[in-house]
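A quick write-up on the structure given underneath.
Chain nomenclature is as follows: A, B, C and D, assigned in order of appearance, with residue numbering initiated at 1 for each chain independently.
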């Protein structure tokens, strides 16, 4: 079975002598989209030069002397950290040679739902695979299509039409860069411009960091090709489906300072969701506080709408570390949580509204709520700025199976009791859809509603709702 | 000239089988007090076992298998990162042997103002020094005093009476631990208790992380000795001076979830300072925002008091990284600031009150303000939740000389113009003192007022006001 | 152009619970065959588990906790270090998946002379390549053949018949291991047995280290398959060509304690070559000395045959290091050679016979001879225990092009003058062939004679003689 | 108890702009004298700059960019690797400051026999110790003496007169370098000259590597001071004792290409010892072979004298590695010895004379002999080129206590049986003394005879014979 890739980050620069350094900056800004591996592929002397490794951007490129690498074309990729199957072979960009010595580098964000079927078909034709990613499938198809097609674009179009599911792709040849977005537009992908150079990024915040001038979305079902002749957009399918933008990007995955589908600013959506949450689930209380940093914006929105003052209750330790604590000591250092402390005096005897952005397994939330109880909160009202997450994602978010989603296993009353809450409120689906600009049917809400946009060619190993 | 140590962090455990792991947790919590070096000394088989290294806690202890080290007595130290003189020799705890094979480990937070005089005296008696710290002076004195004294306590008292300035010390012998606070109580130092074990920490937040039961301050001019007989407090000077607690700890240095002098919660002091700032420097505006994370609490206070809504304008990237950008590229990636982004739409056309906790050199603030201007803020009102910092610190905060303190070089009007502000307001000295509980004369305000509590034995190399 | 692999080392174990550790020991013993990269692939839970990295065996596996990896089937590979094109992608074993999820690992020693033609053919069929090795070509062919063949063996035979040149291959599936030797037997490959386990190794010394019981050669044009049913040998070509064993393995590449083609012990061949050299190029002298360690055995042979006493003149430093010497200092520390010192008093005023095993570029030899002159040797007679190396190798030894081979560019008299020798003698081709057991035409002597055994399908980029 | 330092290596350069790089080359050449730690102290801007670390020279200075460090004065030290007590604190050069801010770096080779007495005296005067070395004692004494003395030389002389035992010292101040040899001349120490620069080294081979012009011994009981006025020798004791040069340096410790006491070349002494061994313990045999590399020279001598041909039987693997073999696998990979292989056919059915330089515990020899038996040697005659080592060393060689010295525990017949030999022969004491130039009473032979030269102030913890 082909491993899913889950949400990742892409960044590319075409036509700037500092392409590699800018790509480093871009990846650093997109670090939240993946900490398992990072890589940059650039063109040096007409060949692709690759740096990649396991870990976050800073550790992968530490001591690599990026500044010595002169290139005006580069793409970069960060990959999501998952448990247990973290392989160097899966790090991206993937770089291969194919017909006539052509070399290409590819970075992929998203997940193909027909990856197994495609791979089986390719293997039956004698293809060999070095990684367990679905991304390698794309390059195999492209190389095969190219043997029959008259040019690269024809081959690419034929390839893309075979792919089902979520795919934002960034590809680099020695003389061109191509950015592809799937027909549904599941994952974000943006085009930017800085002086004469062309840029691509998963999120617009990465453009801010390198001070790009303007930007616009790579349209669903379209690829943008940039080369010495400039930019050209190619629509590669004839009948475009209704878009299916991942609304969970707004709620959880993207940075607050990024713009997503149609240009909505993530922070605005989150504050609006917090305000809507206050309207839907009002309560009398002394204090609104966020589970940091995920609930920060929604908590502000809730406070502004409800008039209940905001307070800081949880204190995060931003240094990276881990506990070297042997099991026998864990009881002794009772529940040492190196990342988060609670300010007792801020909640003692108070009625507290606690805001988080989502609830997946419910275990972390339970720990946080317990700390508040121990600190002496008189009432705890938990508010979540999205609906209950009840269904797995097929399109690139690493959701557990339904068995691990608390809202799929328990009723709201059961969850409230499990977490030991005075009240619990989730934002309604309609309420959330009111916080974004595009029509409601332009978003994928599969993880909340079980309505999935692309089901035709779904591989057998997906868990059905 | 002896190098100053600047603010550091201390943590110790006496009498718990997980002493080393708890000390790791404590140091991790105190990481903000120093990232230059970290170290833990523990008692293993009646000998002192030391791990120390350059860098932050996580990197120093990475792969050290702390959990394999069984010890029930340990002290730890984190050291402040300063530019240009970062030496392994200066990492603490310092461990030495002296008379009769006795071994002692010492960690020091603070700065002795008569360190050069003491060192000169010792050198004239033939002492040799392995580090450039003033902490080593303490051990030399102790060893010499011990040759004449009948017991350790007598020697320690004689030693401590020779020291002038700021010193919170934590010392470990194979059978006892001693925590010392200077007569003025410049730096914080706390005693805690968890089950049967005795704990010491620079800040109370470190006790929260290991779930200690109770805590109280090590009193100025006192040392606390813990051994198999329990705890005993010894006042080592006869005439105690008026306390001189460092108020800058409240404003800048300590964690918001720690309690300091007399038990004031840092977060409460900072929110109160923000409220007072709103009263002293009101302005009509659309939005209050913090320079994160230093201005967060004061901004909340300002918003609550003024009624002007809080907004998130700056977005921090919490991942650790550095720019591998060659000088020639710096112009191109104009001012790439990997750590902080500004959300343009949040401030465009708005009147913004920007809150920070202090202003030292003014250069970072200038950059932040410029980003807001570029984002289109119509008015920018800068508010600082402490008075103008005009004088160097003699007692352990790494302030630059007056030449580098902007408020020592420019008038407030000049600063306002330099930063390109519509208005600028600093909290008054009295206003700040109203935010804390102890009498006003119990605090050191030297960096703001130039009134220094301990001047008698000041070494010649200090810059006089 | 596909990069040549050059001489490498292979080791494999099938059927011993310590397979991984034994493979580590085997690779360590074969370290001299390649220090660029090292890797081990083993079967864990029916999947191939791979460790590989750049550098020598000790550094690649440092901290990898091989002893925690329980597997009874493993293959390992060390790769030759060449200048300038050292890529992780080229490290072996290469591991891929192909039809029906089958997984295979491959290690390759040798060089295919039709690698470019094969690769072009595959690329035209849409294959993609992740490395620049010719080894990947073998796996592509095998996967394609397998789609048409009824079973693995048929596919493998069809694949092997397409390959021209030198290839000793070791392949691992979850349930079998296959060792292949090319029809000419260019590179060595041995089968061994230890208790119930099957072993494979490039050289027999690796069997000694793990105390294997018996061994025999994998025959040219044959593959040996081991699985739960035991060992089976398959001849995969119908008309076997005359063998073409690389005689340079005996002279230079292999360990003295290994047996090669037909079972000749390398040390015996080298001592015999030294004896023959004494017969062919006698001279009156006071002392015979070796360039260590390459000339040690031949020097002993020369001394024994000539009666001239052996002496130690050069002293090697076996510690690994490199000179951190800036160019400006190089003149000052005149010719600092950290690896080799000369004992002046051992040669001062003496007539010295210096023995080395071969002469490639002549530059190192020149430096050594100059040191002897400076030390005051009265006469220097240089003797080389093989013929002049005049032609490049097509079959896996990293010889430079003819332009870099001194014997291809200069006459013997010119070399003698260039090196500043009193006399120079190379062993004759016939003389060398007398030192080995098999018939003279069973060896490849291409690098000395220009007579190459396999020329039919030679790729265009080989330098012709 | 103060830890003994054991044999180490020293190198220094005064007055060459490449001093640091030359010191690196020198230490690399002296690497055999110590692999536990390495360090270089140099003068940069009138301050001592130190690089030191645990491990061998190459690993300690890897990535340190020595070539960026411009200094014309440097000293370096390598320290012997011992089991169980390897501490960074003990790495040298030790650098301290003392009176009036003077800074000094010190490297020490040898062992003080009155180290505990001196340390106790210093501790009673209030001194503190950062390391467990006896070297730190020297600096404490010097600093104390300096407070009473009118100048450095007077203080140094007073210090040196307090020291008993073996000490070759190299000391660096910002404007001078001083090399000291103890009154008995236990350990070697040489002065060299290269162009205008002054050099010091433990062994002359290090001078060869940097191409020094001339050299002469630092005389026992003398220190050599070099500064801007050139070289000056100072005899610091009035009545010089009879020299006591360590003869074991010739047999085992030093490089064969070094000259030691009085200028004897180590290789010549070892060959002469082998010849003498042949005369004292002749036997009829087919073959003489060495345990490499320690027995190489003596084996050559034995072969030359006896006329029995030399052969290579043991093959060493010079790559650095270690076995990652879990205990349960050790039996399976029966006795895997990654470092040494035996060529069976070279000894099968042969009468073999095996030569080694010394026998300490006898366990390694036993393993080697057993391998020869397994390989089928018909007779094994073991010859050792020094007398039986029966007594511990007090002066800096890390000999085990008598309990661990096989010759102290067993008779020669018992050793012969224990090792399963046909005959065993040790060189006689007189025979060995005949191989060196100076009078017999100029050497320390304590480890063989139990006659120790300096016993007056021996600390209590030494094992008495």
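One rule holds for everything that comes next: a residue touches a chain if its C-beta (ideal position, glycine included) is under 8 Å from a C-beta of that chain, and two chains touch if they have at least 3 such contacts.
Please read all numbers here as calculations on a predicted model, not as lab measurements.
Path length between chain B and chain C in the chain contact graph, taken as the least number of steps between touching chains: 2. Ranked by how far their CA centres sit from the centre of chain C, the chains are topped by B. Residue numbering shows that chain C and chain D use the same positions for more than half of their mutual interface.
Chain centres here are Cα averages; for chain A and chain C they lie 48 Å apart. Centre-to-centre, using mean CA coordinates, chain C is 38 Å away from chain D.
Chain centres here are Cα means. That of chain A falls 61 Å from that of chain D.
None of the residues of chain B touches two or more other chains.
Pairwise, the chains that touch each other are A-B, A-C, B-D, C-D.
Touching chain A in their complex are the following residues of chain C: 89, 94-101, 123-130, 132, 139-140, 143-147.
Listed in rising order, the residues of chain A touching chain B in the complex are 16-18, 21-22, 24-25, 28-29, 31-32, 56-58, 61, 64-67, 195, 205, 208-211, 255-257, 265, 267-268, 293, 296-297, 300, 304, 309-312, 315, 317-326, 329, 332-338, 341-346.
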